[in-house]
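In what comes next, subunit A is part of two complexes: it sits with subunit B in the first one and with subunit C in the second one.
Here is the complex of A and B:
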């Protein structure tokens, strides 16, 4: 039973990682950028969600505000930071992205204070749900539900809508897509909007889960997100989902069995390094 | 006076670290986001030896060898994975180093290692660090002009093409990692003895990025540019002490602005102004 519980907790964390990593893999798939600054979007979503929730006492409103603000910041980062340097070697965008992350993290600290803020009223945090001997709180349930619904919605969008087809066409070949009348620019903005909105929602959920929103909350999860998208085979969406869940489970078991040897954050990277030495293109191989 | 000496020592140590990383990422084209781990390996290995009573010179040597040996192991990883995959693996190496050190009682865990014996005064370390920095500059300039430097360049630009014309890609990558990480180990060993106290957080991801920033701001691949970048990024926070509160904000903005407007760093600026390449 204990192991089942570890497995379930691991899968819940896996869903959190999936919300972050899907956005990272979307950006990488389209532009070959390791978008570390996604952490900033995640943290902004969490702060805006918290401020709105504390002001209005309405979580739905908080989620809407977080989605919109995060969804705006992502395309803004693309426009101001990445677009002018797309033709430069890949480390240029990576270093710029790290610059955004470091600077904005400090910005959050200066604006909102270093110690983090809590929700005045966090009903999901205290409410629990028992199923077959495993107790989860409502935030964890919502986390899983949000991941399943949002990722399914994204899959439907990519498979069924015109915009989704344009997006897939641009990912596989931007030049040909453009020749067929797809606006590559609009696809990029859309891509950043979706990636950032998902991260923003993830940010609010993680804030609720820990009942704490702090300036550095995004960075570790975004470093792990990078490990996940590499594990999944860079730009490979199904691979990213598998890797997110696998990492959640590995961390959950690892924090019990390997606790004396290394800390939780290092486990993700140990797992990454071991997998990559066996399969250099990630768990499901590269999409490219 | 002590203050100036310690700033000079740190600047020199950063030159050693940055030139080591430049060997790997600039000359040989293998992006590494975990250079601080080797700095840390050198520091911890040397500190342990000195605490155990080994003579200073021998401890420093152990630091260099341990960092270099782990560097070769990571170099082997670079034979297996490439480009962005390698960047994330090296980032992982940094986190793994910290994660392991933080949990080991014999490495001092979160508290680190204190009371490391120090055989000389501040001036001695300053001389030693500056000597190491000069040695690294000479080595870098020499490597760049040598056959090996050309081979590094070939690997950096197109490793498949390099392999086709008979360049020993695996061998040169390993040598680049060995040289780069061993020099980080040297810097770490000097650092540990000078401060007499090391904690895991001194070798975290931000430190790795700081070293990378020195390389990139100076101009990746250019020895003199990187020296300038390392010295400037060490001295600047000292000059701007009054903005201490906004240090990381300014730092992040600086990285972003350099990448946005002069992605080739100082070396790129120099070339645009004079039309000549900076060595």
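Here is the complex of A and C:
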């Protein structure tokens, strides 16, 4: 039972990573940018969600506000930071992205203070469900539900809608897509909106799970996100999901069996190295 | 023309000299802390404590009639930032420096100050090597090992429990605490049933909670900072763990309670600060801090406040100009009343003082016990 519990905990962590990493893989797939600054959007979502929840006592409202604010910041970062340097080599965008992350982290610190903020009332955290000796709280259940519902919705969107087809066309060849009348610009904005909204929702959920929203909360998960998208095969959406869940489970077991030798945040990279040695193109094989 | 210029210079000199004669310039004390970066929360508390100490000392007339002034720098909790900062302080002619930072930067700077023979006081960094840098380096906080021993005595002698699980942070702070605890666990009849470590960035402890439920200890000894401990304690309680929780001075801040909320109730912490203290210096610090910053005082602020008190006492005795005399004055500190109780330095520059156990009740820290065991809590002398 103990091992089942560790497995379940790992899958919950995996869902957190999935919400974050999907956006990273979407941005990479479209623009070949390693969007480290996604962490900023994640943190902003958490702060906005917390402020709204503490003001209004309404978690649904907090999620709406977080989704919108994060969803707007993402395209804004694209417009102000990435677009002017799209013709430069990819590392230029990566360096710019890291710059945004560091700058915003200290921005959060200046605006919201260095101590981090907590939810005044966190009813989902204390509402626990037990099944066969495994206890999960409502935030963890919501984390899984959010990941399953939002990622399925995204899959449907990509497969079935006109915008989804335009998005896929732009990913495979922007020039031809444009010649067929797809607005590449709109696809990019939409891409950043979806990626960032997912991260924003993830931010609030992680804030609720930790009952702590802090300036640097996004950076570790963001670098881990990079490991995940490489693991999944760069730009490969199903691969990213598998890699997220796999990493969650590795960390869950690793943090009690390898805890004396390895920091949990280092496991992602060890796992990455091991997988790439066996499967150089990532867990699900070939990249785009 | 030349004459005019000379007259001008003379006049300027007179203008500058006049106020200087009336009021002596302030005595400058170097102070570095992590004001940005991952440790910025403790850096903020530390700076608050230092500034409050300087204000209180200046309000009481300063040191021999001269005001104190802090020269504040941000070390980002990084050793590579601390070394140039230390050289800058030395180059600027400062004669006394206080560290309001973690072990990494403090340890790096300690060697630089020792080489330059400038007295250096670490407020709350706990790595043993800091004071081993030499006779110019002092520390006003408990070493981690000493605090860990106090926790073992608390569990065995006061709580009368036996089965313990250790959950420790994997940096020098957490490892020193658990080393001290394990060192004397046998002496207090404790049985360590399991041991887990976690990293600085961890906020999610589901697998440790599951493991603790399986191990079923009577007491958990948990090290780390409030941003780890708050989520950890909340998750332990939400997961149904009922064991008594003993934390360390890293939890001694109201931020811990605001994260863990109801789960913080009943948690014990080993620390230097007693919120119910009758000691006038400790009382004054706690009350002044709350009045000025509108938040409850924490251990980091208290330790830093007391480090400035130690510095001021030495400046009063030895004057501000001779680092060698200042060093002697600090080393000779005996039973100096400060915000963290009476301090005495040993031959290594480590402090000997009583340990405080606080319990969280009704969302506040309160007195639970004082561990005044000079033999058990004696700081190492080498």
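Going forward, the second predicted complex is superposed on the first by the 288 of 288 C-alpha atoms of A that agree within 3 Å, B and C clash if a C-alpha of one lies under 4 Å from a C-alpha of the other, contacts with A are read in each partner's own complex, and residues count from 1 in each chain.
One rule holds in what follows: contacts are C-beta pairs under 8 Å (C-beta built on N, C-alpha and C of every residue); 3 or more make two chains touch, one makes a residue touch a chain.
Here the structure is a predicted model, which is why all the values come from computation and not from measurement.
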item	value
Touching partner for A:106 - first (subunit B), second (subunit C), both, neither	both
Which superposed partner A:178 touches (first subunit B, second subunit C, both, neither)	neither
Partner chain(s) touched by A:54 [first = subunit B, second = subunit C, both, neither]	neither
Contacts of A:230 with subunit B and subunit C, given as first, second, both or neither	first
Which of subunit B and subunit C A:96 touches, first, second, both or neither	first
Contacts of A:263 with subunit B and subunit C, given as first, second, both or neither	both
Partner chain in contact with A:116 - subunit B first, subunit C second, else both or neither	second
Overlap of subunit C and subunit B interfaces on subunit A (superposed complexes)	106, 259-260, 263-266
Subunit B-touching residues of subunit A, taken from the complex the two chains share	28, 32, 34, 81, 84-85, 88-96, 98-107, 110, 223, 226-227, 230, 234, 259-270, 272-273, 276-277, 280-282
Partner subunit A, residues of subunit C touching it in the complex	36, 38, 40-41, 43-44, 170, 195-199, 201-208, 210-211, 214, 227, 230-231, 234, 238-240, 255, 258-262
Parts of subunit B lying in touch with subunit A, wherever the complex brings them together	25, 31, 77, 80-85, 87-89, 91-93, 95-96, 98-100, 102-103, 205-206, 209, 212-213, 216, 220, 245-256, 259-260, 263
Footprint of subunit C on subunit A - complex, ascending	2, 5-6, 9-10, 12-13, 106, 109, 113-116, 118, 122, 125-126, 128, 130, 135, 137, 206, 209-212, 214-217, 220, 252-253, 255-256, 259-260, 263-266
